[in-house]
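Multiple structures follow.
Same chain, two partners: subunit A is paired with subunit B first, then with subunit C.
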Partner chain A sequence: MKESPLFWPAVLKNDGLNVLDETLIPEKIRYIRVKNVDGAVKVIREMKTRAFGQFLVVLNAFLLEIRLMDQKQLSEAKKLARIQEVAQKLNKSRPTFPFSEVTGIVARWAVMAIDSKLKISPFVKRNTEGYLESIRGKRLDRVNRIAAIIQDQDRILTHCNVSGELAMAAAICKTDKKNVSIFATETRPYFQGAKLTAWELGLLGADVTLVADNAVAALMADGKVNKVIVGSDRSCANGDFANKIGTYQIAVLARQFGIPFHVLTQPSDKIRSLRDIPVEIRHKDELLKFEGRKTIRGKCGAFYPGFDVIPHDLITSAIAIGVKENE
Partner chain B sequence: MKESPLFWPAVLKNDGLNVLDETLIPEKIRYIRVKNVDGAVKVIREMKTRAFGQFLVVLNAFLLEIRLMDQKQLSEAKKLARIQEVAQKLNKSRPTFPFSEVTGIVARWAVMAIDSKLKISPFVKRNTEGYLESIRGKRLDRVNRIAAIIQDQDRILTHCNVSGELAMAAAICKTDKKNVSIFATETRPYFQGAKLTAWELGLLGADVTLVADNAVAALMADGKVNKVIVGSDRSCANGDFANKIGTYQIAVLARQFGIPFHVLTQPSDKIRSLRDIPVEIRHKDELLKFEGRKTIRGKCGAFYPGFDVIPHDLITSAIAIGVKENE
Partner chain C sequence: MSKHEVLYHEDFKAKQRSIVLLHGIFEPRFIEGLKTRLQETFYIMEGRPSLQAAQINCRRLNKIGITPTLICDNMAGFLFAKDLVKEVYIAYESSDEQGSYAAIGSLILAVLALRHQIPVKAVPMDPQPKVSAVAQDLAFFMGKRVAPKGVKTFVPTREFVSKKYYV
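So, the complex of A and B:
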């Protein structure tokens, strides 16, 4: 399968973790070498990588630490303490993001090793690597499931970026001789649709057209799109989900114009409904400044909710990750 | 009444027409001195002023020409020919824009003068000045009617720019001790909401908050706005209207969330319905480039319809210009 650089944006090598600097795309394709947990915290805090990339950095930070611990030949007790310290550093890297769910799993493996009188390093390493591999398999599987719902002549609208999966599904469709075109919204204020989605779709040979965030009704009224596929940052047990700001209005418009609305969902047993998701209101300068320069003069407020929470009744289908294992 | 610079962006002085360069706002407030019809065509073609400003430039171009004709002491026949030539130059300045309706009126005055054995210069001058004055009166009147529908504690969403009228209505509300807040969408790709609307609202002392074009559903779902007021570029006899791209989706969202949607409309007897309005598809570089620099790499299309056409059933009320005279 043809792979997007955004599908797996952090790769462990012998001399460190290579993290794709998404802030430079599409101008430059550059990887940041991360050597230890402090480097991992830095790339997360500086938002060099987003969503799924941050998840990869968190897990790989433990693998980096295990290498360092082994070089130093620390005692098992010190290794346990060190793993717990790494977990805490990662948890603090982005207060509003629930890294603790992931770091908690790894920290528990370290405790399990001690309890079972196993060596911490190989046990945690094997489990972490296995966890990463299973996620990779589930995502590759979902790419195929996305490709399966796409039909010949489909004109798909997407928003923000779904970390490679849609681009790879589009590449599969191309191989299968399905003629597919994709519209990507710019996704203000960071233009992830223009900078990441349009870029990776082009890279994988898909037919891609950029639109402003405000052109969605025009597209739909003109019959220019017949399907919407978006990702999600959080999913709820009742089907509600959170995703990049702008997703909610696309969902309402899709309903209004009778266009199916598909969501790539996350594991969803932890949160009951969208009422339980606090929306992060980002600093107004993220809207009032463009590349560091203020775009407006005088006294002006700005309201920038980082994401939307969308009620489940607007969803046509949820394409969940890893359903086969849960079924 | 406190006046916005965008309410009357072209002012005739003794030494020429001062046209506000809207492309520099808010960085610089600079007026371009227009001396004759060629200068008028230039500021229109280079989009230094928009919509209503272009209308002002067209009418004032005739007043500039009359001054020049009088200095040269041309014959009445030559004056008539010259007026018709000016009308044609203005018509050609922006092919997709119906300037001919306005220039036709002035050209007819010149013919009427000849037919009635009146001097062309004073007759056309007086009529043009009177026409401008009546439009000014109608717009000032509408500012008061906008202020009248705004209530204490209103939270109003607007899109793109309505050439001063909303900002001036907000200033009236402030004088009347109505507590009003206004949300302005950025309005990609030219950011008229950020650069013009937020700026003029701030200038007139209104409480203004900028939002990305994709945050409208979030605003409405949270109860942050209770009224929408937008302008229109063209209005149809059946109530349909055309306005900046993004207006349609705001209208659909307002309906979905039960929020009243008000439109400042134009004279509407010429066009039957939105089916009779061709939508101008602008060049893709207007979306793919930002301040001359390409924002994306690789092969990517872009779709940028210049405006939306909105069906009348989404409108709560039309605030027409000059209704008193038509009633």
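So, the complex of A and C:
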């Protein structure tokens, strides 16, 4: 299967983690070298990688720290304390993201090792690597499932970026001789749709057209789109989900115009419903300034909610990926 | 840059139904008419690709003493979902008994307003600044390329909004 660079954007190599700097795409393909948890926190806070890339960085940060702990020959008790400290640092790197669901798993493995009188390093390393491998397999499986719901002549709308999966599914469709076109919203203010999605879809040979976020209703009303496929950053126990700002209005429009709305989800029962999802309100300068210049002249405030929360009743189907702790 | 804020659903209750949302480029007399509403909260949409609507509306609102709040074209849904919007004004170019041709992005607001039972009012667009967009305008933001070279773009500047959405 042809792979998008965004599908697995962080890879351990030698004694460091190579993290794809998504802020440079499409102009440059460059990797940031991360050597420890502080470097991991930095790439997350600075949004050098997002969404799935951040989860990869979080998990691999433990593998980096295990290597460092082994070099320092720390005692098992100190290793346990360090893993818990690393977990806390990663949890705080992005407050609205459920990193604690993942760091908690790794921290529990460390405790499990101690309780079973096993060495922490090989136990946690083996489990973390196995977990990553399992996630990779499930995501590749989901790429096939996405391709399966795409029919010949489909005209798909997508928003933000789903870390390679849609582009890879589109490549499968092309191989299967399905004629498919994809509309990608530019996804202000970070332009993930323009910079990442349009780029990787083009890279993998898909027919992609870029639209402004304000054109989505026109696409649907004029029959230019017959299917919506988006990702999700966070799922609730009742099926509600959070995703990049702009997703809610697309979901409402899809319902209004009778267009199927498919979501790639990571089921979780940690949050009950959308009312419990915290929303990051980002600094107004992210709208009012662009590379040091004012976007709007005059006196103007700005409001930038980072995420939309979408009720489950607007979803046609959830294409889920589920990875269990003990897989 | 100061820290970002984290808010929960309940935190928005204090500002329920407080926002007047403006979309498109309005005639100066419409904006001047808002002088009687200085204490209210006005949000304006960016209006990609040119941001012309935001520029002009901001200038005209400032002239009458209003400091608007800017949002991107994809953020209106959030405001409706949190029950923050009380009224929507969209600027139309032409209108008949079926509906209006209005600034692109208007239909999104109309559908959201219908779902959340918020009144939508169409007012005439300012005919003077000609809003047009070349397809490749979308590949740039403030002169900087933001999309891959050669990418196809679709950049409508108007759309039809049926009268069924209006108050």
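By definition in this document, the second predicted complex is superposed on the first by the 321 of 327 C-alpha atoms of A that agree within 3 Å, B and C clash if a C-alpha of one lies under 4 Å from a C-alpha of the other, contacts with A are read in each partner's own complex, and residues count from 1 in each chain.
Convention: a residue touches a chain if its C-beta (ideal position, glycine included) is under 8 Å from a C-beta of that chain, and two chains touch if they have at least 3 such contacts.
Model, not experiment: these values are computed from the prediction.
Aligning the two structures on subunit A places subunit B and subunit C in a clash. After overlaying the two complexes on the shared chain, residue contacts for A:R293 are found with subunit C alone; subunit B is out of touch. Of the two partner chains placed around the shared chain by superposition, neither subunit B nor subunit C is touched by A:P98. When both complexes are overlaid on chain A, the residue A:P26 reaches subunit B and subunit C alike. Of the two partner chains placed by superposition, only subunit C is touched by A:E280; subunit B is not. Counting residues of subunit A touched by each partner, subunit B versus subunit C, the larger count belongs to C. Residues 26-27, 159, 183, 185-189, 191, 194-195, 198-199, 202, 208-219, 221, 224, 245-246, 248-249, 252-253, 256, 279, 287-288, 295-305, 308 of subunit A touch subunit B in one complex and subunit C in the other.
Of all residues in subunit C, those touching subunit A in their complex are 1-2, 4-10, 43-49, 51, 54-55, 58-59, 62, 67-78, 80-81, 104-105, 107-108, 111-112, 114-115, 138-139, 141-142, 144-148, 150-156, 159-160. Against subunit A, in their complex, subunit B makes its touches with residues 26-27, 159, 183, 185-189, 191, 194-195, 198-199, 201-203, 207-219, 221, 224, 245-246, 248-249, 251-253, 256, 279, 284, 287-288, 295-305, 308. By the touch criterion given at the top, residues 26-27, 95-96, 159, 183, 185-189, 191, 194-195, 198-199, 202, 208-219, 221, 224, 245-250, 252-253, 256, 274-283, 285, 287-288, 290-291, 293, 295-306, 308-309 of subunit A touch subunit C in their complex.
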